Amino acid sequence: MEILSNLALGFGVALSPFNLLMCLVGVVLGTLIGVLPGVGPVATIAMLLPITFNLNPIGALIMLAGIYYGAQYGGSTTAILVNLPGESSSVVTCLDGYQMARRGRAGPALATAAIGSFFAGTISTLVVALFAPPLAEVALKFGPSEYFSLMVLGLVAATVLASGSLIKAIAMVLLGLLLGLVGTDVNSGVLRFAFGVSELADGIGFVVVAMGMFGLAEIIVNLEQTDQREVFTSKVGRLMPSKEDFKRMAPSILRGTALGSALGILPGGGALLSSFASYTVEKKVSKYSHEFGKGAIEGVAGPESANNAGAQTSFIPLLTLGIPGNAVMALMIGAMMIQGIAPGPQVMTERPQLFWGMIASMWVGNLMLVILNLPMIGLWIKLLTVPYRILYPAILVFMCIGVFSLSNNPFDVLIMAFFGVLGYICAKLACEPAPMILGFILGPLMEENLRRAMLLSRGDPLVFFQKPISATFLIISIVLLVVISLPALRSKREQAFAGEEQK
Amino acid sequence: MKRLALLLMLAATSGLAPAQAWPTRPVRIVAPYAAGGPIDISARLIAAKLQESLGQPVVVENRPGAGGNLGVDYVAKSAPDGHTVVVGAIATHAINPTLMGSVPYDPIKDFRHVALMVQVPNVLIVNLELPAQNVGELVALAKSRPGRLDFASGSTGSTGHLAGELFKGMTGTYMVHIPYKGAAPAVLDLMAGRVQLMFDNLASALPNVRSGKVRALAVTTRARSGFLPELPTLDESGLRGFDMTTWWGLMAPGKTPQPVVERLHAETLKAMAAPDVRDRLRAMGSEPPAIRTPEQFTAFVAAEQKTYAELVRRSGAKPD
Amino acid sequence: MQIKNEKDFWAGLMFMGFGLAAMIIAVGPPAFLVAAWKSMGWGNPEYGYQMGTALRMGPAYFPTVLGGLLAILGLVVFLRGLLSKLPPETMKANMSFGILDFVVGVALFAGLGYGSKVLFKSGDYGMLAASVILAVLSFLFRPKTKPLILILACGMVFAYLLKPLGLVLATILLVFVAALGGHEYKTKEVAILAVLLSLFSVVVFVHGLTLPFPIWPAFLQ
């Protein structure tokens, strides 16, 4: 089988001492970057690009890729420990992971994230190896109509993210959509909702919003609880998941991996959706759905697997078509170009060592990450026993430095403060931030695709139902909406009481 | 009296001293675009070499936003001591001033145009299924199907967009402009056939042309490209006078002293000539520009600004 | 009418506010407001983006639709807040500030920020001043808002003073202001933490990640 010989070639390349070292450096750096809130893989890769000039191209790319998915692992860690999502994919992990940490279950949460991610990484690497070319063809079939319908589906699913009132969740989604529209409109070039402030011309950055709504708001709300001295219960439980935990997380990991692998292929933002989609699926499918939002282990296992699988499979459009799925991929294309490698379909045939070496090293990197991260769990748990009055200023320092470093402009911190206030108000008014964040991410993409689809179809709205893939997504959205609203309508009263909203 | 003479001497030499002393602290090259893009990468390549020759750290600082205007404006208003420079581009200095109505800086007066770094042509590429093998056939096809062809671009007001508008104007055809966020998604839709043609910049188009995923019809410069010598130019194909490139170069605040500008210019040219930098710039589709001196560069920027002012106005690419 | 469900009441208002604001910014204020403006002799107000048609949507289309939906949902939530049959105690918002305080805060920031932009060409000084003033006001009049105001203020102080004061001093200031926002303030502890954090930041962010932050104040350069 050709695939075996290709994989053998790949591992031969990936396991060479130099490339192993590059991989290690990459994943360690990536984890550190992911753990530091605000500083993201984009900034790091940009800073390291000059160093890669002098390195062997395969080694350089292995390191950069390692930074990318290492950051996913690191981002999950901060999401669980301090409710700070470093990447859009970690937002969902905040929901249940942080709640698990508050209840003394940080160890199992971190372990679940690591194990789920590793499993997903393994499977999705195989997927990339086996199915890269045909999957790339699938990616080509997704045009603006398909993306729009997928995002509609994603937004309907977003309402499931909230454990409280459905109407308020939908309203938060809409609010997020609107906030995402701030900035320059792609189709017309008009600057919207910017009030003449040129810093807003490219929109509000995700990191800024996430830091404000999740990080600042959480700290402020915690500090207001003058009766409660410690945020994290001192009763720190076991480090590793229990047998029951394992039984519960296994199916979630499988489902998450499948979803993430499928969605990651789509260059136009598929990977973003994978963790959100997984959370929705888990919540709907689980018999413990009432635990979601308070520390359900499936709420960590599924999304973590999904986002890692998505991260790996998003290399497919990069390596086969030369299309970057996100900003980090765009940087890697830049790195490739510096090395004189033109990304695109010919990479697979002209440079098999590069292609297969990278794929093999993705698995090696995942292995390194799980070996590195599992023992660190003990360290992280120790960190949580530090008194909160010492912990939160440290968190704030890292947040502020991180946000400031995004574009070296104090304006970003100002916006973060704005979202801190908004997040505080929302927390007090029982409006949940997660649906808003998803709306925020998807809003501009949705509008862009909607308008482009209409432009291409010359104004025919039926095009969304005429194309098979698009129609499928829309029908599923409608069905899902009905499924979600029915219990909500029935148990409106129950939901209102379900608020242990003691704040 | 002696004190006066001393003061006079100091005053006289103070004009010279900064240049010889420059740089006295780390130099910042502001890249007004996000990290990883071609402008950012070329800036980092140059920065590495300048650091060696100037003896001070040279860092690239990304200040993205407003199509590049934020970073450019920041440097225009920075201290003109040669320690803060910017990579200004066709977007910030020729197109945006008209496209956006007004910009908070004067692209000519507020800057010293030190050195043109990169100049790349755009390539007219079409989807493989399109029944047009050359520009002539494309024009005929477009005329037979007015309003049925779509051309993609990386953003409203980009050179890809304006090249398309100029093309339409000169050939009298009507095609619909579909803007995207960046060249990559545009190329994807081009390959899939959802749009039919695109004026993509050479660097991003080259791999796709070479691998046969798209068909190239012509280049937008007056001279043929060394990378695709078999491709005719639009000028040759009947659109006389068509000459568009995407360019960017190093610029300093307007009042930067002449000696500093000259030294920076000399060192930048040296950096660009270094074999590894030159090769990497070539890999991005750029050949060493013909414009060498700051005076030529300033004249070039002024000419470009006038050209694009006219083009933007004619195309109605103003935000509506 | 008693507010039965405080949370929904204010949430509804907030949503309506955002929704209506979006619509007004996108399309322009309703006709009678425009007429009123003109009658004041202030000339033609500039507003709105092009709506376009459903076929060729302009930049105002999507925001208007979304804003409208949000406003409607906001109304529903608002009414729920008024008419809800649940015991009011669980539905209290428990916010540390009232609506008047909110307005004062926003006015302070907007006013000082705009004023500083006009006078000094940069809104930075105004924002910094507003944060400080707000912090002092909250100390004096609304002690319950201490965490909120100080956590926000510490970020602003850091961001606007980073360039003039350098990383070390800005971080130390950040830690102190942040610690003041908590309810267990021990000076010696905070001082040690501040120094340690600023040291750590310099090593990791400036030396390690080569981020372009000045370490020491500008006047020492």
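For reference, chains read A, B and C in written order, and residue numbers begin at 1 within each chain.
Heads up, the rule we're going with is that a residue touches a chain if its C-beta (ideal position, glycine included) is under 8 Å from a C-beta of that chain, and two chains touch if they have at least 3 such contacts.
Because the structure is predicted, anything quoted here is derived from the model rather than measured.
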For this session: If every chain is a node and every touching pair an edge, decide which shape results: line, ring, star, complete or other.
Result: complete
For this session: Taking the mean of all protein CA atoms as the centre, name the chain whose own CA mean is closest to it.
Result: A
Exercise. In angstrom, rounded to a whole number, how far apart do the mean CA points of chain A and chain B lie?
Worked result: 34
Exercise. At what distance in angstrom does the C-alpha mean of chain C lie from that of chain B?
Worked result: 38
Problem set entry | Whole-Å separation of chain centres (CA-atom averages), chain A against chain C | 26
For this session: Any chance you could list the residues of chain B touching two or more other chains?
Result: 61, 320
Exercise. What parts of chain C, by residue number, touch at least two of the other chains?
Worked result: 50, 58-59, 210, 212
Problem set entry | Junction residues of chain A - those touching two or more other chains | 43, 185, 187-188, 190, 408, 455
For this session: Under the touch definition given earlier, write down the residues of chain B that touch chain C in their complex.
Result: 25, 28, 59, 61, 320
For this session: Sort out for me which residues of chain A touch chain C in the complex.
Result: 36, 39, 43-44, 47, 165, 167-168, 170-171, 174-175, 177-178, 181, 185, 187-188, 190, 192-193, 216, 219-220, 223-224, 226, 229, 387, 389-390, 392-394, 396-397, 399-401, 404-405, 408, 410, 412-414, 416-417, 420-421, 424-425, 428-431, 447, 450-451, 454-455, 458-459, 461, 496-497, 499, 501, 503
Exercise. Along chain A, where are the residues that touch chain B in the complex?
Worked result: 42-43, 45-46, 49-50, 53, 139-141, 143-144, 184-191, 198-199, 201-202, 267-268, 321-324, 327, 330-335, 337-340, 342-346, 407-409, 448, 452, 455-456
For this session: Using the touch definition up top, name the residues of chain B that touch chain A in the complex.
Result: 34-38, 40-41, 44-45, 47-48, 61-67, 69-70, 73, 99, 104, 150, 155-157, 176, 178-182, 184-185, 187-189, 191-192, 194-195, 203, 206-208, 210-211, 213, 276, 279-280, 283-284, 317-320
Problem set entry | In the complex with chain B, residue positions of chain C that touch it | 50, 58-59, 210, 212, 221
